[in-house]
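Two complexes are shown next, each including chain A; its partner changes from chain B in the first to chain C in the second.
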Partner chain A sequence: MKINLGNNEVTMKLNRRSFIKCAAASSAIAAAAAIFPGVSFADWKKQEGASGMITWKKAPCRFCGTGCGVLVGVSGDRAVAVKGDPNCSVNKGLCCVKGYHSVQALYGKDRITKAKVRRNGEMVAVPIKEALDIIAAKMKETIDKHGKDSVAMYGSGQWTIPDGYVASKLFKGCIGTNNLEANARLCMASAVTGFMTSFGIDEPMGCYEDIDHANVFVTWGNNMAEMHPVLFSRMLANRKRRSNVEIIDFATRTTRTSQAADKSILFKPQTDLAVANAICYEIIQNKWVNWDFVNTHVSFHKGLSNIGYGTEDHFAFTDKEESINFEEYKKFLEDYTPEKVEKISGVSAKDIKYLASLYGDPAKKVTSFWCMGMNQHTRGTWIQNLVYNIHLLTGKISAPGNSPFSLTGQPSACGTVREVGTLTHALPHGVVMDEHARELAAKIWDVPVSNIDPKPTYHTVEMFRALDRGDIKFMWIQVTNPMVTMPNLNRYRNGALKDDRFIVVSDVYPTPTTDVADVILPAAMWIEQEGMFGNSERRTQHFAEIVPPPGEAMSDTWQLIEVARRLGYEKQFPWGKDEYIGKIWEEYRRFHEGPKHNMAPYTVLLERSGVQWPFVDGKETRWRFNPKYDPACTNGKDFDFYGKKDNTAWIWARPYEPAAESPDAEYNFWLNTGRVLEHWHTGSMTRRVPILHQAMPASYVELNPEDAADLGVVNGEKVKIISRRGSIVMPASINGRGVPPRGMVFVPFFDESYLINELTLDAFCPISKQPDYKKCAVRLEKVS
Partner chain B sequence: MPIFSYLAIPEAGAVDKLCAELSSINCCEIIPAENKEIVILVTDTPNAATETKLQEQLNGLKSLQSLSMTFGHSDEDQLGKQRGDHEA
Partner chain C sequence: MNRADKKTGKGALGFAAICLLGVGGVTLALAAPDIPHNFDADGEKIFKSYNATPLEYMAADSGGRNLMGFYELRQYPGSPPRIPHAVAPSFSLQADNCLSCHAKGGYDAELDSFVPVTPHPENELCTQCHVPKRTEKLFVETNWQSINPPKLGRSFLAGSPPPMPHSLQLRENCIACHTGPGAVTEIRVEHSSRGNCRQCHLPVISTEPLLEFVRNK
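Here is the complex of A and B:
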């Protein structure tokens, strides 16, 4: 392991050994925390502090959308240890196994430290200034030849807020194209459209403190034990501490979350839509509706049905909203009696009634959690609406413990993508279609308003289709790995490799995406740069540059600034290297002025382990729409749903519609994909952490034991999985940490050696444009 | 030169005795939990012979109910992930 300390060899050996011992202690602490929730090791901190070798600096964790506060131990120029930040309300000193080992991800052997350019088919190292010159020249040439909409940027929910902000300013404000998307389209776009259609304003109304107040937790297709382990531990700790807490896991396969839950209910893929409607039917039939709340704060609506799946190029859909009354909504629900839905969903009428009784009991506070299971869904917007319907009918919303809570997957999917608006239709405040939003952006960015195009161009799937078709010729990809994550991957990889396409990739390690690049830029990672993330509970978290980036690596923000200046936009990007993050933040903050979204000043972010917005008069807002907590409420009532112009929250009549592709006689299994505890997304960072790699070295296909027996496959034997789009051979996992029901297989996507997305389908929710990675049809063969 | 960490669970009521005994053994560092009867043990031995001797000493502790390994490192088999390491 190369150690860039600049000290003598003895010191290097001592520090390396001490680093490994810190990692050993961290692993033990993580294991202890999993077994004994709430366990504390205060003496460890004293010992470390007393050593005099390590200084501790605050940062949010690099992985997942929880936003755990960590303290990074630094010795010289090297990050050597991590512990949970006890002052951060998110995790109160706890981390998961990824968090405890996060700094080791900085120091993989094959870290990209130099720029590379493809010459005669080979990647050749060049000075980074030369690579930036080439990028700017290629962008200019492409725009001159093919127009501004022939260049595109594809970013990430792992972008820092300044990364996304300067990308938006450059592409939307300066170049004048809306060809800006981010991988959060693949993970939380349906959450956004769910919020916008139900409440007219994005992001959760509650906060993690809901966990300390709720009596019932329902996890909707959400394996929190592996995906949000720190929050799940907090749930378990509450269940242990309080006698009246229960956890219901409502899912399509049995997971660690199911095992820890008080009750596990399995449903057939896609039928969560029907079950949610059946819960509402029961609530109404049993007179559990909170009429005081509904009469004052709720209105009823319906939209179009049979809305398609977007599998064809240039697919377009616009919903048509129509107001209805309660009686019409009640009539709509008659198709969803528990007995009828039992036949669709496989969930017994008894269990549906049980779920309804939990939501309907006025004495119980209920928090619903969801993430990818509801977001990656061809009716993703609808299922969000339907779960909000349950909370709205019962008035269980916007109060401590009563919370429909959409969790995000990435550390700044909220902060960078949703708040900055790094999607084709969005601006840092409002949407490009809104004249006032364009005027505000032009004023703050100091560009002519005519620069900002009022028409969105391509959402992510369509953007990669445009690259394949040749409508887009140049694409710059930062902080993400689409050549692992795009559904129907073969098409999009082939598109990126076509002769007249030019791909720039900024990353920290080689990946299948850098494999298709014409230019690779070495990027600073996490605490090698200053920045901010925004987590799932509206919390903005600042981190300083704690250690220097290796070689010529630079922040993605600064890469964009360098190229913008080369394109002639010096006036819009005037900042110096020692000040740019603070300056960018203060400029960006102007977009959100006002009580509904005011952000904390830079100086406040520096001091605290995260600040929740709206930040008004020096106070954070924990529960929105509730005047006890939210200064934006002005209607004088007990709640104020100020997002919609009619000041109501909207209940939607949304039907059950089947998945885009379901098992049939030829392809007789569901394929479900997802993540594992040990690895972050495509594994490009966590697979370089030895202990995480050892714990989960390779991907696998989970089979139901009876299906495995029918196929004649035992644990570890190879299985070929075949879809209409591709095939893959993988080892079988039977009765492992997850067990699918008969007729389903599950494959984690973290392992680039097994590109499961070559099999998945690029169908998406027509409203959110988010693909469904949880449902397509495959068949299986034993490999002899 | 292996480094290991363990969760050490004491016999009932013996946490203080366990801490004292572990602290007295060379190559052992302990981190007791402040609110549970559990101790983290980190061992750092210079060679295989010392490691074997240490294991014998640990096995002989009457105050120790169980020992669960949570981390292992040896300079001899240090991992370093290279692309392609994980091909099937």
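Here is the complex of A and C:
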């Protein structure tokens, strides 16, 4: 703020008469705009014949996994405004810029409203019934010719819960193939395996209310200021209101989160594994272990090491767990003294000790947040285990403010993919390998138990490899854009385009994925259909059909039902169009009966702005494993980690192992990829929102200023980025939104004009099978 | 429109300076600790702002903003406005940047205008909702439509105080937007010396139908 006290140019008008004159003139302009509709008075087109009245309907936001409650303003049959839902405890009435403009994503001019079929290389519009006939016939023909495992479905964490549920019922229950995956494999599979290996049961023990209790927040490779802004704002508000709150950003790149943090600590990519172990080493050395907690609730374990990276086809890995004792664990940590880890990680021993002291201080409540930095990691499962170790050694878990908290990126990654189990190994309850889980599913689905194949088939990367190889001939893709998001994209796009492959894509706008489709189905989007999402804190959120879908667009659930009936499964898909979502919900809910996972009834979901599960005796569970809040605790102790058969939480000895591909003499930079505040994932929705596109029109490559100087590149100049898999030319961003350290470049992936995933590596965590989008090696050239 | 009236300029600058010094120095007694600070639609903010802003500042009008410009920055009535001026790409540490001007108001010589005051300075992550425009082009054309902004001056009787036409959510602080030289001319109040806005102005949200009272005999 500059105040120029000597500037006589500044004028003010205090005189009442001239004010009235001026106000009258302004009102005249306003009146003129109302009389002449062609005169633009604001930045939007006015709805003709609107009464000016708005009705407000509740929904969860369409975008990230935070699950903000929004109120959609409806005028006639159009959504015209948004406000934050004050009754929703997630966001308490505040949204982010994407949420406030989310309804504009419905109205892009190139919305897909008709089905299209490829004929002689051209996409031809056909009635949707005809397209559904073609899909069913093609599936039947492919199964007859190549077997049931030659057809596959690839869905999404943006699927509604009913979408995912009917997909699972059709593919796993009726057709009998485990070729069902969802893009959440690319997004939170490591979070799941982290929970399963440490606690034996999936999803966070805490909830967003932890933010109102914690004294210390550590963001582990997690740029919350841009990616979970509503939760980050809640942290900032707490820091402002309470004197004893601090935020530590622990990351590989300097971001808005680092700017707002009290302390920013940078580590070299992949070395979070070593730092987490060093923190545990320090906690033990300084006698900060909470022995009452550890002796009662914790056991120690180790698994295999040198576990590989999955870059080759048919890669397989099964971990081998072995129990160890505390002394063995302590001995394992001797490789991770702060001084040794300083050399690996670039984090000073002093900063490691500082982090340990925050976790170790019994007077401080600590919440750790993470998202893609820890999930998209070739040791993703391990790093989750290691952060849980810190919270378990200090007993800072499952209590208000003490929370290791895994955030999600999609609105229903938890609800649809994790809870419904739309992954190759999973069922709505349990896994296909488990006989009891198969029996329960067969009973609820009314199919012979022999239908359900006990052997998982392909996880996402391997599924697209199978499509490339020809083991899979037919793939149906709903609500996701893999031709932008698959790592090592060139291989998988070429695979999808091969001659005898048949690709069906259900979507709302043209994308690089609809470009490879043989059939495109127009999908209802978000509030154009009834459905439920499930957010990061075990909250199920219902939304009604608030506005009608355009043209022949149809909900993904109903598309699946139509095809299932054409395949002869009328008995399993009997519901009418006016009741199907409620019926599906009540059928699905039977899978989760019992205090550990019970879901709220349909009628309760209709009334509330989200309900947290386990929902037991009419009450939501905010903190699991803690008997004060969780009715599933039965051991009579202060905590009950009932997920594991031995009723303990598991501390894992997991070593540091390097990334699948690190910079070398030839490819001397790290390539890190990610997101920006304005755009959501591949931008197919947010780029059609005027304010969002205009604020962030194109992608770029962030360089460290010194690296840019060495390369002779200034801001905006073109840089060629080359990896072993592809190359791309992009404008440079120097000292912009984020600043990578020397030796790293960062590229946002939202822009389909710059397909950065043609460069990334399809290496994955051998346990979770989730790819690592944050680390591969590239070199740079100045483009003249 | 007020450029001709240069004589009052010096006095106005004085107000700007006073305002900056004055705001934040006065704290009202907070509600009892067990009562949420934001009860009654966060109405406490009105009294706090009234107390903290010099009367001269509240009464000043620069004529620098009008409703047309106000709505040009919005996508529908009530949407968060764009940032209309240039911001450096790394300009994002909210508390020290946006809020250093927009929390308090005053004159900005660089932009030669008086700064609009945010009604919700407690939200520090400004760029969460407010973004600048870097291009005029759209990715694809849009069919977006919304309703007309609320009409002004909808007094129920001739000359009676008009109701508040918009929801108070995130816009609870009348003083911030309806007084001072940064306010939009058409919605500025002339009687800013009165601090209890809700004594006369009641929320009658123009986009929401009036609920009819049915007597339950």
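The rule is simple: the second predicted complex is superposed on the first by the 732 of 784 C-alpha atoms of A that agree within 3 Å, B and C clash if a C-alpha of one lies under 4 Å from a C-alpha of the other, contacts with A are read in each partner's own complex, and residues count from 1 in each chain.
Just so it is clear, contacts are C-beta pairs under 8 Å (C-beta built on N, C-alpha and C of every residue); 3 or more make two chains touch, one makes a residue touch a chain.
It should be emphasised that the depicted structure is a prediction, and the values quoted were computed from it without experimental measurement.
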Partner chain in contact with A:Arg737 - chain B first, chain C second, else both or neither: second
Partner chain in contact with A:His693 - chain B first, chain C second, else both or neither: both
Partner chain in contact with A:Ser753 - chain B first, chain C second, else both or neither: first
Touching partner for A:Gln104 - first (chain B), second (chain C), both, neither: second
Which of chain B and chain C A:Met372 touches, first, second, both or neither: neither
Chain B or chain C, by number of chain A residues touched: C
Chain B versus chain C as contact partner of A:Leu427, first or second or both or neither: neither
Which of chain B and chain C A:Val80 touches, first, second, both or neither: second
Contacts of A:Ile161 with chain B and chain C, given as first, second, both or neither: neither
Overlapping contact positions on chain A, where the chain C interface meets the chain B interface: 1, 23, 25, 27, 29-30, 41-44, 47, 108-110, 687-688, 690-691, 693-694, 697
Chain A contact footprint on chain B (complex, rising order): 3-7, 29, 31-36, 38, 40-42, 44, 68, 70-71, 73, 78-84, 86-88
Interfacial residue positions of chain A with respect to chain B in the complex: 1, 17, 20-21, 23-25, 27-32, 35-36, 38-44, 47, 108-110, 510, 687-688, 690-691, 693-694, 697-698, 718, 729-731, 751-754
Footprint of chain A on chain C - complex, ascending: 1-6, 8-13, 15-17, 20, 59-63, 66-68, 71-80, 82, 89-90, 92-94, 100-101, 104, 106-110, 112, 115, 122-125, 127-149, 152-153, 167, 169-170, 181, 185-186, 188, 190, 206-209
Of all residues in chain A, those that touch chain C in their complex: 1-5, 7-16, 18-19, 22-23, 25-27, 29-30, 33-34, 41-47, 50, 52-54, 56, 73, 75, 78, 80-84, 86, 93-97, 100-101, 104, 107-111, 225, 229-230, 232-233, 236-237, 240, 256, 259-260, 677-678, 687-697, 733, 735-737, 739
